[in-house]
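Some structures are shown below for you to check.
Here come two complexes built around chain A, the first alongside chain B, the second alongside chain C.
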Partner chain A sequence: MTTLTTGESVTGRAVGLPTTARPALRGRNHSGRRFRSGLTPYLFLAPGVILFAVMIIYPMVQAVQMSFFDWKIVGSATSQFLGLDNYIRAFNDPHFWLSLTNSGIYMLFTVPPQIILGLMVALLLKKKSPTQPFFRVLFYLPVVTSWVVVSLLFKYLFADSGLINFTLGDFLHLTNGDTSWLAERWTALVAICALGVWKGIGWSMMIFLAGLQSVPQELEEAATVDGANRWQRFKAVTLPAIWPAMLFVVVMLVIGGFNVFTSVLLMTGGGPGGQTDVVLTYMYQQAFSFLDFGYGSALAVILTLIVFVITVIQLRLFRDRSGESLA
Partner chain B sequence: MKGSRSARTLSTTFRYAALIAGALVMVIPFLYMVSTSFKAQAYVLTFPPQFIPDPATTDNYVQALTTENFGRYFLNSIIVSVIATSVSLLVSSMMAYAFARFDFPGRELIFRVLLLGLIVPAMMLIIPQFILAKQLHLLDSLPGLIVFYIAGTLALNTFLLRGFFESIPAELDQAMQVDGANAWVRYWNLALPLAKPALATATIFTFLSCWDEFAWALTIINTPEHLTLPVAIQLFQGQNATQWGLVFAASLIAVIPVIIVFLVFQRYFVQGLTAGSIKG
Partner chain C sequence: MKRSSKFGSAVAIAAALAVVATGCSATSSGDQGKPDSPVTITFWGSYGNGGNSTQQDALNKTLIPAFEKANPNITVKYVDIPYDDMLKKLTTSAAGDELPDLVRADLGWVPQFADLGVLVPLSDAMSDFKKLADATYPGSLSTNLYKGKYYGLPLDTNTRVLITDQKALDAAGMTAPPATFDDLKAMAAKLKGTGMSVFADSGLGAWNISPWIWSGGGAITNDKLTKSTGYLDSDKSVAAVQMLVDFYKEGLIPNLIIGNQGATGTSDGLPGGKYATILDGPWMQGIWSGQYPDFKPIYAPMPAGPGGSISVVGGEDIVMTASSKHQDAAMKFIRFTQTEQFQIEMVKTGQMTIIPAFADQEAGIAAYYSTFATQLKSAKARLAIPQASKVDTILSTELTPAFKGEISVKDALSKAAAQIDQLLAGN
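Presenting the complex of A and B:
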């Protein structure tokens, strides 16, 4: 967050990533590249800023406000101020901790595989060849398919007499082929994580493919001439060049990991007995099944804070590692 | 050995073996889904599974297309996605142009606030947005979907397009200004046409996210006539035994427009990703 918004990154050219700071251009209106003309920029901004303020910023503020109340959705009832009670309740709520653990497990077991496998596929597809676009499309297919469709598809594949049990049992003989995947917490989480990885590899592959275009070819050749093996070349040449892409992928995947909702809702509905609830399914249930909007808001605020802190820590770590090349 | 023909052949073989294995894992679930969509309910969960449907039937497609307002859901999805995408692109490209071409007080601040919208995921705001939609009488309506889809995609699109506008030489703008063109003319006749690859990329992303959006539609839509495809497909599961054939027939019909859009725009899409997301 800090890196993304630091000072003159606004004038940087790239999108989605922090770039090397450029000198400020403001104040050099006629020789510089920007215009200074009174009201005009505000007229350009007005429609978007108004929409954004009403539909995004105001709800952000209201989420925090609601989390301090026993919020009543019915017009006539008055909402009661509770102070920090909703937060204390969350702290003492074992089911919240269970859902947070599940979210954390999902994040831990989907982010690293997506990065490693996505990078491997990108490296395999780096060389231009007639088949490259074809493979790229195949790996990207799950990314562009809706979460609803792939969640239902995986629910079907992981059904008791589904394709997964057949493959593992009768084809590979690794299990008895009678696992009730979605009926138990850990096996259900395996199925949900498998979906997350399967759907996400194509996305990180695409970002890494774009990043790999910035690997200096001369440097790679020079390293080969010097006798560096594949792994040494990867570490010394490729990795530093794709470091910004790596930062982007890691940050986005971690945020996305904590944002898991649709796949859990459709594959298990949080069941059995709420055992596979993640924070967002629990929040959703509190708000829209039990109409406890205040507690739901508190859960959303807590999750936002966790994601925010983790993102800031990641950006710091990456900055330390890469010194001046970022931010 | 290094560079010798046999080592290179071996590495190429390994490369393709790995790629094909990976691609199979990606594609087999889809093929199996297609296969199941042609099975009658009695054959969807047989053991061992049927890879080639026998007997094959198109009943699921007929049923999906003829019953339960499917045409209506499809139309709703098209209306919502097309309007939300067009308006979002217009509004965010205007913002992006202001950020890329003007200096003005509050520029940094507004941009940073916009960045906040990129970091806070949509689900975190679903409760207060529901209350807001209630107050604005937008619940259970297509405008309720459209307005929030526009707002939700503004930040990312502005971010993407601003980067592209900044890469267009400012001298072109200045030359037009000397010729007497005002800011709107410069934006509409110069910046937008030049930004076509970025606009194509933003169009695909925005259309996809509106077409596939599930949580918000699930939350605010109650009337069957106002449903969009993702929520409707999920309802096809039925009360007791899931009608898998029907679910997947409906899913495939819903996926077709997306795949067409993706294949048609693929060239632009990769260009835009490359130019937009990673510094070259």
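Presenting the complex of A and C:
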């Protein structure tokens, strides 16, 4: 993420510089000018591209390579080539399937609420009002807060003697107030998903707010004149206009959903008995606790492929859908 | 002008390369000089874990200066690394061939890194190894043994003993801490319905469960570390774990033990009157004196079962890396860590000595150490195999359903034993 940002800023500067340098070059010989204007932007792009290649592309390629070996991390030791053994092992590993299911559940139960609630909040905060900036900041605050901080916060909220149990038991009298949220697979997943939704709403709100700027005001007004009610206006005018934003939000959230890691690691540590492991915590355990980098890499590659396929399917579905709504 | 533009391009390329290169070049340039030229050795440890500066201060302000004074050509650079990051840091550093000269390693990591080939077997490298080794507790020393060679020396040690307090004893109507499994069962019967758990622990790994199995007369594997089936699921092992499961089912052990991260921790539950007994180490004294100044813990040996009172060895070892360029200097520092000066200075900061000959001096510094020192004489180490952390995962994964009553203890331990057999077969 940091690398990407660096790359972008470098790119930005690279585009700006040759144009400002141009007046000074006017009147110089042509081939030199072409050489300079041709090569210089690339040279300025180079740091970002090289960083991206070294920090992102190279580790990815290396991970794919490692996944075919019983990888020894120490350079002097020989790694044994295993072919597809690590992949076959994953296929036959019930704990991998459990962790993949948990990742899938997390994705399914966090993405729709983030979209629906994010969109609702964006619609509410679209109108200008004196309190609007305050609420925008309020909803966006969880997004910029560190995962570590909010994971620990939610761990305490959902602790046996935490605020959730107090509210449900002593205050609302809905339960006995003695639910061990983090001691069972399903209740622990509820807590982890709740964190995911709470932290993510602000982000989708921000994207939708940006998208809502592109909704043509005159169309809204025309629809109102035609007697369309709120829901009809939303469906026929607003939604098609923010469709690209919707595509972006859905794709990013699904990818993010499968990549859930920090919150699980900090709230349950994959426990009890590995029941709340997600793919990335399981992968992390294989690689960094058991030093089984080959198997860990195979799990990472499998997850990448799954996410890739799902993303392609989403893009296709959305392309069809957007064609339909335009027609 | 043309030249200067080329020059500009060259600068751009150089800058790009420099940016990239700095990210990759943290290699320390070792000064490979003559034996008596000044050398710097790097020592990684986690003495400062939990924001505790007293141990780091003892090392940096007293011990290292003393060593450097006695060895004017050697400079020791201590780098503190948080415990939770240490294994990851060691792993990535081993991969990048950037390990320091010396590491204060959790004893479970020694076989793991010995197996990777990044450690020097001290039993081969040090001519006086036997003399140094013989002076230490056998349980601590055994954590350094891997495939017939010792890859380190104990640095500090600890073990788990039973900790309770007067409030809990009063609640159970007892005059002394439970000394046997039967005492503990009697205590449990008295505490039933009071809301106070008879015992609490925060996991089901080898560190947690081994003392019960060993004291119950059971074992995790055979002595040769080749077989777990028939040992981990023996009648004695099953009976010991069954006792805990029975307590759990009666609500006398909290679900903290199966990994409920939302449960009250043992360090709060005992002073808070929620838990009657816990098993824990000597570091608790320091934690409680800060957080619960009025709490007066009572230390007692691990309750004895059919197998006696046997607890588990913890602590750290000091190891030397194969990539160290100054092995002689590093070994000098290792010898220094085994001296009375080093050991006693560390005792004052809460680290227990690994040399039984200093135990009396240790008890003089803080009386509660004596319970731990006595326990250490019979304490055993966990399996010294590279996959020790896998054993922890296997034990907690298989035992969790047994505690929840979904599977019998015998079946759970048999399943765990079968998986541990596979690990042992791979060594």
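Keep in mind that, in the parts below, the second predicted complex is superposed on the first by the 285 of 327 C-alpha atoms of A that agree within 3 Å, B and C clash if a C-alpha of one lies under 4 Å from a C-alpha of the other, contacts with A are read in each partner's own complex, and residues count from 1 in each chain.
Just so we're on the same page, a residue touches a chain if its C-beta (ideal position, glycine included) is under 8 Å from a C-beta of that chain, and two chains touch if they have at least 3 such contacts.
Keep in mind that what you see is a predicted model, and the values were worked out from it rather than measured.
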First, second, both or neither for A:72, with chain B first and chain C second: second
Which of chain B and chain C A:118 touches, first, second, both or neither: neither
Most chain A residues touched (candidates chain B, chain C): B
Partner chain in contact with A:280 - chain B first, chain C second, else both or neither: first
Chain B versus chain C as contact partner of A:271, first or second or both or neither: second
Partner chain(s) touched by A:196 [first = chain B, second = chain C, both, neither]: neither
Partner chain in contact with A:262 - chain B first, chain C second, else both or neither: first
Contacts of A:145 with chain B and chain C, given as first, second, both or neither: first
Which superposed partner A:180 touches (first chain B, second chain C, both, neither): second
Common interface residues of chain A - those touching chain B in one complex and chain C in the other: 32, 36, 40, 44, 47, 51, 54-55, 73, 159-162, 288
Interfacial residue positions of chain A with respect to chain B in the complex: 1, 4-5, 10-11, 13-17, 19, 25-27, 29, 32-37, 40-42, 44-45, 47-49, 51-52, 54-60, 62-63, 66, 73, 117, 120-121, 124-125, 133, 135-142, 144-150, 152-154, 156-157, 159-163, 166, 170, 198, 201-202, 206-207, 210-211, 213-214, 244-245, 248, 255-256, 258-259, 261-262, 266, 280, 283-284, 287-288, 293, 296-297, 300-301, 303-304, 307-308, 311
List of chain B residues in touch with chain A within their complex: 15, 18-19, 22-23, 25-27, 29-30, 32-33, 36, 44-49, 91-92, 94-95, 97-99, 101-104, 107-108, 110-117, 119-121, 123-132, 134, 147-148, 150-152, 154-155, 158-160, 162-164, 166-167, 170, 173, 177, 183, 187, 208, 211-212, 214-215, 219, 230-231, 233-234, 237, 242, 244, 247-248, 251, 254-255, 258-259, 262-263, 266, 270, 273-274, 276-280
Contact footprint of chain C on chain A as seen in their complex: 28, 32, 36, 39-40, 43-44, 46-47, 50-51, 54-55, 72-77, 155, 158-162, 180-183, 267-269, 271-275, 285, 288-291
Contact footprint of chain A on chain C as seen in their complex: 1-2, 5, 8-9, 12-13, 15-17, 19-20, 23-24, 87-88, 91-92, 94-95, 97, 112, 116-118, 204, 255, 258-264, 386-387, 389-390, 393, 396-401
